[in-house]
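Take a look at this one; I'll ask things after.
Each chain carries a letter (A, B, C and D) given by its place in the written order, and its residues are counted from 1.
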Amino acid sequence: SPQERAFQERINASIKVEPKDWMPEGYRKTLIRQISQHAHSEYVGMLPEANWISRAPTLQRKAILMAKVQDEAGHGLYLYSAVETLGVTRDDTYLDLLSGKAKYSSIFNYPTLTWADIGAIGWLVDGSAIVNQVPICRCSYGPYARAMVRVCKEESFHQRQGFEIMHTLSRGTAAQKAMAQDALNRWWWPSIAMHGPADDQSVNSAQSMAWKIKSQTNDALRQKFIDQTVPQAEFLGLTIPDPDLKWNEERGHYDYGPIDWEDFFNVVRGKGPCNQERLAARNKAWNEGAWFREAMQAYADQQEQTEELKAA
Amino acid sequence: MNTQLEYLLRMGDNCLVLSQQLAAWCGHGPALEEDLALTNVALDLLGQARMWLTLAGEEEGKGRDEDALAYFRDGNEFRNLLIVEQPNGHYGNTVARQFLFDAWHMHVLAGLSTSSDARIAEIAQKSVKEVRYHFERSAGLMVALGRGTPESHARMQAAVELLWPYANEWFESDAVDEACAASGVAPAAPSLAAPWRASVEAVLDRATLKMPSYIGHQRGGKRGVHTEHLGHLLTDLQFVQRTYPGAQW
Amino acid sequence: MNTQLEYLLRMGDNCLVLSQQLAAWCGHGPALEEDLALTNVALDLLGQARMWLTLAGEEEGKGRDEDALAYFRDGNEFRNLLIVEQPNGHYGNTVARQFLFDAWHMHVLAGLSTSSDARIAEIAQKSVKEVRYHFERSAGLMVALGRGTPESHARMQAAVELLWPYANEWFESDAVDEACAASGVAPAAPSLAAPWRASVEAVLDRATLKMPSYIGHQRGGKRGVHTEHLGHLLTDLQFVQRTYPGAQW
Amino acid sequence: SPQERAFQERINASIKVEPKDWMPEGYRKTLIRQISQHAHSEYVGMLPEANWISRAPTLQRKAILMAKVQDEAGHGLYLYSAVETLGVTRDDTYLDLLSGKAKYSSIFNYPTLTWADIGAIGWLVDGSAIVNQVPICRCSYGPYARAMVRVCKEESFHQRQGFEIMHTLSRGTAAQKAMAQDALNRWWWPSIAMHGPADDQSVNSAQSMAWKIKSQTNDALRQKFIDQTVPQAEFLGLTIPDPDLKWNEERGHYDYGPIDWEDFFNVVRGKGPCNQERLAARNKAWNEGAWFREAMQAYADQQEQTEELKAA
């Protein structure tokens, strides 16, 4: 249709799409799905890290971790707001998470078992997320692109903090080094699966690229993350748990071993170590908070009525 | 007994223990906005705890820093008020605990802002700004929840009554309080009772909540005799340091 | 790797962790008779844990006794199955966890009773008598609660489904299991699947509860990769020993 | 009345009263009150000690403590059964505890703060309880007397275990000795208040003595406990926190300082450190266990109907 052509031309000309602009239903739906998944990931992603706040080993680390988890709550808020600009209420979006209908990043279905996991999440998971998200800062949908600018800035701060934890552990006692290596062993493969299925198995990518929702392929993002992370692991004196990993002079990239996609899809489909618990925690918070939200709403309504009475 | 050291531990442990409790809500609050706001309060309190405990370590002069004091004392060496170690309960219990504490904390910090000890005055001046905001926030929640729905009203009234027994310890002057008041280091503990009551009563009034008419009888935290809750809180707090002694983190 | 040591730690840690969980009900059960009966089970399991861990310490030969192994290992050194570290939940969750575990425990101990290692056979022969009674008790509760009221039926069905993902790890043979089976120390892990299913199915049937049709996918405990629950359980378990290292109690 | 005279004569002749015998209403009521308070004390008394099961410092100590708390559950059961022989159902008796109407021993309204408290409770609290309870083994009401024989036997076992914990601590590190002394400091006065108000303030004692429900005065029991405990404290090298405590050659007893009865009555009236929590814990267990008890009852009813059908 002419509308669609005009839309695509504006996209091609790198003019941002704004909430009030006309957009194709497919574009809207793709964005709603992607941004809400991203919002849910931030919100669920608070849980594995929050699990270590009470046990953080120094008060400074505790403060940094609390601030980090709080940032994730903030990211969740921007992103839920960005979804709302597409015409879906935040509660509806959220209820899809609670019912298990909507997805979130599978990485958060792995448990945090030691303090080193907090380092590994910052270093690897946030590192991987940044590689995925930096291109989104230039995405065609204005509210999403702007939210991502802020998110990326904070994430790279978190990534450095995570690396710093790993660095301290890797210079520490034998037990600390072992803890760091164990965390790398457990988080490496899930972190490189975060970029999504291999290109030859990925659906919808072409349309998302045309709409400039996505600008690089999953495999390209993965390669970028691996290339930047391997030297960091070497600097830490830690071994990445992939015997096939080695520098390929010709390609100018690291080669890496096959990813266990069956395991990845199992986790996506609900069979990860913590899927049940993460959803249960979210539902528990929501259900036990119902009386609170209702009361806050009731009070806000009372205030509004009082205002109206005064105005009348 | 170094009374000033004791006083600093009291201030620091209040902040540390309450921050630890609030942080347990992080990611589990009733709404994303609450998660953000409550974690802010927890972070402020943790920052204050670090300043107080660092100063306590200096005052003690045995080379203990904030972490040595936070991670390597057992329960009977903690000097926090009993109210801050009371369980989180439902969110309304947490709000009520915060409100009663904020009101006292705000007034004591205002007093400490003119401490004869410049280091104490400096920390207090910095903290009181944060805590005035904490009080504003918790007072606002008390009013909203007190007036919101019949259920929220009932929950908040019960929460106030549950915690009231713990809301007098801070006005009971002991040797430490008296010495610190005499030297101008701290305001006299009982002198805070009237301003606290005025602040609390005004808010409870607006919240349509009844102010209990009796005086709280629970005490002991200031001399290290706690409730059973503190011990369990410390098992988590101190686990990593205790398990890997001597490591740097 | 000393596979026999690993196997002993698995047996001991299962008993230790589950006992610790059951003991949390002590004084808090739904009826005085339940408090008594469940504490009996917890005591039996603790006794078994002590025998297995003592033998593990001897097998290791580094002078670690039952307490050194219980109090001075961090989570990744624990070898218990994930199911025993799952939260107590409501009493029905605890009953269902116990039932699924007892059925396996009974069969594995029966197998271990004829172990080629006389020390293991001796502990197993002693334990299996206790565990047969545990199974009888938890099976009886499953039937009563499955049939009792619509509410109890719904709770128990949900409890079985919640735990089912954890109820296959014990049949998955790894290098330790294979080595122990090959040397006649232990029964082959997969060989317990059929008798377990038969025991569980008969009881669920009488209880009018549906047996889930899929195979559990949760695993990791046997090689020290646990769920987030274990770490918190250990903070309490180990607190005193960690806080006062080197003391005798 | 002649019935009352005959009753008193049998009592005087040391013939036990049994459930089916006639008894004065006052006798029945006194016993119901006293035995049910005793049953509640066992049941509530599980809580402070259970608080340390998860943290017991060795597996052997953990096993001993669990067995001890379990014994208390058993004592609760015998005693609730003894109350039932007087014509009150166990649930009714128990509901009086839950509503706060019935009392239990105030000693359980103090918190257990360190492992040494587990030692002190065994040594002092059980020690004090045994002194109170041994005479009840000869009480005129048969079911109560018989229950107490069993209770006392187990209690003296607990008392020795508690003393053994204190003994180990008092020979231990400086921190352990301090822990033991601190526990003695906190538990001493509540333990000697357990014998009840001083004789000149005690009500109902004369009648209870005539009925042989009670055979010694509170002050006599207290003196007995103090006399046996002071040498034990000396053996442990611990200091009893009473500056007035000293041997009185003339009396052949230890003199001791004034007890703070105001504090004692405050705790009885609900203002102890843990009254709220103990009752809350009991109510929580009861309320959360309702579905379980209902289901067990429903199943028992079903079984009974099946039996009746078979019989018919």
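By our rule, a residue touches a chain if its C-beta (ideal position, glycine included) is under 8 Å from a C-beta of that chain, and two chains touch if they have at least 3 such contacts.
In UniProt terms, the chains line up like this: B, C = 1,2-phenylacetyl-CoA epoxidase subunit PaaC.
Computed from a predicted model, the values in this text were never measured in an experiment.
K.L.:
Which chain has its C-alpha centroid at the greatest distance from the C-alpha centroid of subunit C?
P.N.:
Most remote chain from subunit C, centroid-wise, comes out as B.
K.L.:
With respect to inter-chain C-beta contacts, which pair, B-D or C-D, contains the greater number?
P.N.:
Spelling it out, more C-beta pairs touch across C-D than across the other pair.
K.L.:
From the C-alpha centre of subunit A to that of subunit B, how far is it in Å?
P.N.:
35
K.L.:
On a C-alpha centroid basis, what's the spacing between subunit A and subunit D, in Å?
P.N.:
Result: the chain centres lie 57 Å from each other.
K.L.:
Going through subunit D residue by residue, note those that touch at least 2 other chains and give them in order.
P.N.:
Residues 55.
K.L.:
Where in subunit C do residues touch at least two different other chains?
P.N.:
If we look for residues of subunit C contacting two or more partner chains, we find 74, 231, 235-236, 239.
K.L.:
Kindly provide every pair of chains that touch.
P.N.:
A-B, A-C, B-C, B-D, C-D
K.L.:
Spell out the residues on subunit B that touch subunit A in their complex, using ranges where they run on.
P.N.:
For this pair, the touching residues of subunit B are 16, 20, 23-24, 26-36, 39-40, 42-43, 46-47, 49-50, 53, 66-67, 70-71, 90-92, 143-145, 147-149, 151-152, 155, 236-237, 239-241, 244, 246-249.
K.L.:
Once bound in the complex, which stretches of subunit A touch subunit B?
P.N.:
Per the touch definition, subunit A meets subunit B at residues 43, 46-47, 50, 53-63, 66-67, 69-70, 73-74, 76-77, 80, 115, 168-169, 172-173, 175-176, 281, 284-286, 288-300, 302.
K.L.:
Within the complex, which stretch of subunit B touches subunit D?
P.N.:
Interface residues on subunit B, with respect to subunit D: 74-76, 162, 165, 217-218, 220, 225-228, 231, 235.
K.L.:
For subunit C, which residues are in contact with subunit B within the complex?
P.N.:
Its residues touching subunit B are 74, 231-232, 234-236, 238-239, 242-243, 245.
K.L.:
Tell me, which parts of subunit A touch subunit C in their complex?
P.N.:
48, 51, 55, 111-114, 182, 186, 266, 271, 273-274, 276-277
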